[in-house]
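In the part that follows, the structures are each spelled out as structure tokens.
In the two complexes below, chain A is the common chain; its partner is chain B in one and chain C in the other.
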Partner chain A sequence: MNIELALQTFLDESRELLSDMEQILLDLESQPGESELQNALFRCVHTVKGSAGMFGLDHVVDFTHVVENVLDRLRAGEIKLSKALANLLLRCRDHISLLVEVPEPAEAVDLQPAGNALLVELEPFQSLPASGNGQTPQPQNSEHGKGDLWRIGMRIQADALRHGMDPLGFIRFLGTLGELVSVNTLDDGLPRLDQLDPEACYLAFEIELRTTANRAAIEDVFEFAGDLYQLQLQEPGSAPEAVAAPATTDMDIVEAGSREGKMQPADQADAQRGRRRKPVQHFRVQADKLDHLINLVGELVIASAAVSLDADRSGNSTARESAANLNLLVEEIRDSSLDLRMVPIGETFQKFQRVVRDVSSELSKDIELVITGADTELDKTVVEKIGDPLTHLVRNACDHGIESPAERSQKGKPALGRVHLNAYHESGAIVIEVSDDGSGLNRDRIIAKAVERELVRADAELSDREAFNLIFEPGFSTVEQVTNLSGRGVGMDVVRRNIEALRGAVELVSPGVAGGTTFRIRLPLTLAIIDGFLARVGEATYVVPLEMVVECTELSAEQQAVSNEQHYIKLRHEVLPLIRLREHFSHGGERSRRQNIIVVRHGGQKAGLIVDELLGEHQTVIKPLSGIFSHLKGLSGSTILGSGQVALILDVPALMHQVAQHEDVANRGIHPNARPRLSASYS
Partner chain B sequence: MSSALQFDADTGCITVAGELTIYQANAAAESLRSAFASGSLRRIDLAGVTELDTAGLQLLLMAERLSAHGEDPVELVNHSQPVREVLEVLGVGAPS
Partner chain C sequence: MNQPQRKEEAVRIADTSGDQNQYLTFQIGREMFAVGILYIREIIEYGSLTTVPMMPEFVRGVINLRGSVVPVIDLSARFGRGESAINRRSCVVILEVEGINGDEEQLQEIGVIVDAVSEVLEIPPGEIEPPPSFGARIRADFIAGMGKVQGNFVILLNVQQALNTREMAELAAIVDAPKDARDY
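Up next is the complex of A and B:
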């Protein structure tokens, strides 16, 4: 029994349609009167209504019906999409998306008052304006005895009932399009009682429907049933025998998907307009199945590492070759299964059109959202988690970044403010930028505030970068006036925490790419598996994410002697701060005679990690550290090596941050510029 | 989600109580088969049907057909409101 499954599909499709609807509404605002869009808008709502009707979700049908009427008048050109109407329709869309999540009409009572309020607002658009110019309103559905007579032959796959597609639901719903003049139930297909499969469908129907709806509208009723239903639509006015004849004699189930094929050439244009097939075929997979697959691939990676290790040890050359082959395949499987979870970020970006629109009207500013790099892909799990921080940054840009229209015109800027969302890939990471063309940050005000909040000492010497990034400290807000939108408790520190929880980083640049401020978020492409670089310190093995490794080199005896005294080293005319992992993680034991340095880069900064031995690349499946270790700074997770040993994954950004703080404390007030800062580079 | 087809062999009458939908279809078909096999099935009393879908309707149509072939016709009686409603929509001929 698949009715739950069907309902789930309905939910998924409705969500998709409603998100389309939002997009179309926003597009329509910039291209008013575009008839393709208006039609598409109508179809979105119409299909939701149709599918909801199928499941007897009357609460959805009742509400969407009114919205549909308004949209129908819109596409007929009887009303115009004013700003007010667009606002109203957007709110209706939100309401519908609440309604579809409610599985039973009876449970929707809570939503009733909100719905009724919207219906009242829709009222003037649904009926004729008082100053009407003689046009007659055409309520599409309720007028019996009007319209053309359609004959509909309905063939049903045996499985339809098991999929929850009861023909009764469709027929009842057809009745809402107009008047069911007659329904003829064909039961010739019924087998003998002893051969009956009680859950299979043996019936077929012939229906006469009098309606003003067009062919596409009728077909849309069955859109949801897909190939389970085959229709024969008889144009109004043509001879009835044509459809009646095959209907009564031929009870064979027509081959799936032949509905389009049967249409007359004349109908095809209509059909293409009504249902444009997407060029790429998709099918739905449950998210947890995919997660399970990825977990298994993770285990596979670990297991294959163990196999290679054993093969290497055995000295058996054929075994080694097979292991190498296996490794290659595993790598490919890893990449393509991770790829399954990759989605373009554009969809997430598009949601902000609405955010920007709402926020700007709330603030009475004129702001447009520009999106670039929408095709940039990243892991779905990351996409899901990045929405909230991004929302905050976008709102922040609208609220604090973009000046008021008066201020802008004073500065000679165009009245239309601009918020820019951009995404691109950079060395194994995705970078997302939120920029505005506002006035940028006021360095002095930030420092003053930070001093007042006791975040820094008054005499601290801060680079611009350090000063600006103070706004990510907990309890920091530079707005003197707390507005409605941002500055409501959720501060930038939460944004930073959320992003760091994804192993990402956020920084602020001002003046940014568009003149105002740019927030730059750097995120790993995936959370599950990384290419790592292994290094040994004493008995322990550490993993550095390979994408952060710039180079590795052995420390010469001379360098070693110097670096033992200092916290930095000069490497090819570049000064690198050093992080001694042995001391940092308090490993006892002797330093090995030869020491190596791994140069890592993160967010434009470089540092050197001192280790005992370099062990080479390793595919690393990230296992989270359990709660007991979560307070440890500088470690982001663990992994299991082929040998069964546990290795710890270094959290390079946190390590660099720690060192930078350490340096700051050491430097502040004494020799402000005596030592190179983490970010400094003398070349 | 309960439906019970009670067959009383003495009166030859099946009484249906509750829903008659795809959820009950298998069990209902089984009851119908055994009642028919007993040879004494005469009537199906639909007064207690609270919901009827296409799967249920098929069974009823099937039962009526049994009557057409048999010596003594099987009658559908006491159609409840939900049953009437379905029959009206489908034009299968609501009882007078």
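Up next is the complex of A and C:
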């Protein structure tokens, strides 16, 4: 480990802390005065400051110190978190996050004016030191020369320097808590020169610190160092002799000393902190390592399918059994490794608190964001790509959905508008809903617009659902006024395209009686491996995503005869439109005598795929198709079967859409209503 | 399965210096073609190909090349001379070209079907003539030049152009469009 890496860790941690800070600030608005949150808020800034101090990032320390002071007063109850202060603190947070990204204090000059402006605004909230000398945000001054005398024994593990934990940084930072009365370096741990490892740290320190800070604050300074530093804190007023303990060169004694009864307060503090951290333990893994692992698991799945196939062919029962065992394990490995990449969607949702807040103040509307289902998990690769479409939908909801407060009160609605983000799992997919309690969509206006843009014929009879989903068509936008927030030509069609690129779907579900709009997005949990259902058509093998398969049934001779005439059959009192894959994909060859139907469902529609043979379930590792196939519709990718053959994965939604379009073209010809449209199956 | 047949050979040849002027020659129909050796990844036996529906004639399908799915192009069909008939000596030559993948440009592996692979030849720049403006019965932009080999001409392919993924994708889109109301 070197300083670069440590700095990277610092950056990662700071980003995390700062996003926590944003979250806490927003939470505090709804639960004002919640002391746990206020403490957490303080800790965030404090830790950033502490870590920054260690790396000598003075520009960060100077600024955060002031913010920290304000937060300290806040948690002490001396000031209240007003809306103005919350706004200010949010802006401070943004500023800190800018500062943190600047590696050298000298390079932060550009940010100085903005920082100073914020500091001026913070001034009224700052504690005025007793000396009355509070004009300059010089953190140290106010605390110097008062407080109690703490004696700190500091032992450092030999490899502290290799981890970038320079003791000088810590001592310097301790100095920001108060006044360093004395620093005594204990060099008796130094070995003889010929045994000395120049990269190791052999020093110990004895420090006298005069400060008003409490024990926890001093210990927090060393929080970043983990186990590399061992502290012995001598409380003010205790007998100074005890401090001598750290001076002993024998490590064991120091450690033993810290375990003894008289150090109980420290132990308690440790225990408390331990409890705070216990519930979930995380450690960082580089994302590409994880991706590599998942790729390998994909290959493993394919290889194990090949083994099963061979074992089956061999007819050797023990081989078959081992292969089955292997398969089970591989399946488990697949699931748990995919699980590693699963993250709760809450983090993504939380970002929208800020979006909604900013947007609503820009529009001078009162909007609150309600989040439910934040624990719902989905693949990191999906999460990364869902942000943009979601932002668009949320902004749209705020901008076009929610009315102005005046309009709302006229309608007898509460002035506070509400945008709701919800997520839940449903049969192998995650569903995300963005809803608002605004004015809802105007059906007639949508249709008028669509006719004007020649998206539908004027005499078209559309169900509500079809009408509302017209807004996803390219070149559709009902709001003439281009606002700053949305309506910049990036329409809902882009949202739909982005989501479909993730093998998902988006639809507008029936607006409620009270108005309001709900967008429902369905996404696969992962983009890497899916459960598939194999079917043979001619010589080709196709994979249907299993989550879309409702049932499989044989096409009876009678139905076959009927379906030759028409393109639907009756299945248990329901009309089932059929897609003949053989004809659709222009496969030559003879139909097999017995044909099968795979009933698939997508977005409320059902359709029957006619295939020659059902081959059963298959763990499908998705392999992207080359760019040559980018315009190909109805197929979403490929996979490799146990036999080494490539099989193509059917894109059921696109397929259904495509067939409906083909039929539309046909219908516009001679027989206007000769065939039921595919979309007729839902109602 | 698709085992690399002459990979070692290809590597050995590529290692010898002066590979800028080295070309792999192969036969399509009755004509000899050549491709710069630096584009060639490997040569494999023709087999176990999966057809991709709704693609133009020149996209023969995809194969499994040690875990990755690689498209296979029929150059004869691409040149507008009809599908090449598979024979005992048919091979798939795997080439590496710049191509689109989503929105990104990146190196891609593409297989081409050839009727027979001949040999690796050195053709010095002095022996290469500019492409004829007509008469080759192949789109002029597919030809990088005409190489003289033992008194005969071989067509040096402009691989980037002949296997332009963007163009091929667009052609595929035309085929894919609802050209008629297909009767089901």
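Note that in this section the second predicted complex is superposed on the first by the 606 of 683 C-alpha atoms of A that agree within 3 Å, B and C clash if a C-alpha of one lies under 4 Å from a C-alpha of the other, contacts with A are read in each partner's own complex, and residues count from 1 in each chain.
Everything that follows uses one rule, which is that contacts are C-beta pairs under 8 Å (C-beta built on N, C-alpha and C of every residue); 3 or more make two chains touch, one makes a residue touch a chain.
From a predicted model like this one, the values you see are computed outputs, not experimental measurements.
Look at where chain B and chain C land on chain A after superposing the complexes, then choose clash or fit.
They fit: once the shared chain is superposed, the two partners occupy separate space.
Would you sort A:302 into first (chain B), second (chain C), both or neither based on which partner it touches?
second
Pick one for A:601: touches chain B only (first), chain C only (second), both, or neither.
Touch partners of A:601: none, neither chain B nor chain C.
Using C-alpha centres in the superposed arrangement, which angle lies between chain B and chain C as seen from chain A, in steps of 10 degrees?
90
Would you check which partner chain A:172 touches, where first means chain B only, second means chain C only, and both and neither mean what they say?
first
Where does A:180 make contact in the superposed view: on chain B (first), on chain C (second), on both, or on neither?
It touches chain B, and chain C stays clear.
According to the contact criterion defined above, which of chain B and chain C contacts more residues of chain A?
Touching more of chain A: C.
Looking at the overlay, what does A:91 touch: chain B (first), chain C (second), both, or neither?
A:91: touches no partner chain.
After the superposition on A, what does A:640 contact: first (chain B), second (chain C), both or neither?
So A:640 only meets chain C here.
With both complexes placed on chain A, how many Å separate the closest C-alpha atoms of chain B and chain C?
Result, nearest C-alpha distance in the overlay: 37 Å.
Can you list the chain C residues touching chain A in their complex?
The touching residues are 1-2, 48, 50-55, 59, 61-64, 67-71, 99-102, 108, 110, 165-166, 168-170, 172-173, 176, 178, 181-184.
Quick check: in the complex, which residue numbers of chain B touch chain A?
Where chain B meets chain A, its residues are 22-23, 25-26, 28-29, 32-33, 36, 53-55, 57-59, 61-62, 65-66, 86, 89-92.
In their shared complex, at which residues does chain A touch chain B?
Spelled out, the residues of chain A in touch with chain B are 1, 161-162, 166-168, 171-172, 175, 180, 182-185, 187, 190, 193-194, 196, 198-199, 201-203, 205.
Going by the contact rule set out above, which residues of chain A touch chain C in the complex?
Its residues touching chain C are 299, 302, 540, 567, 578, 580, 583-587, 623-635, 638, 640, 644-648, 658, 661-663, 665-666, 669.
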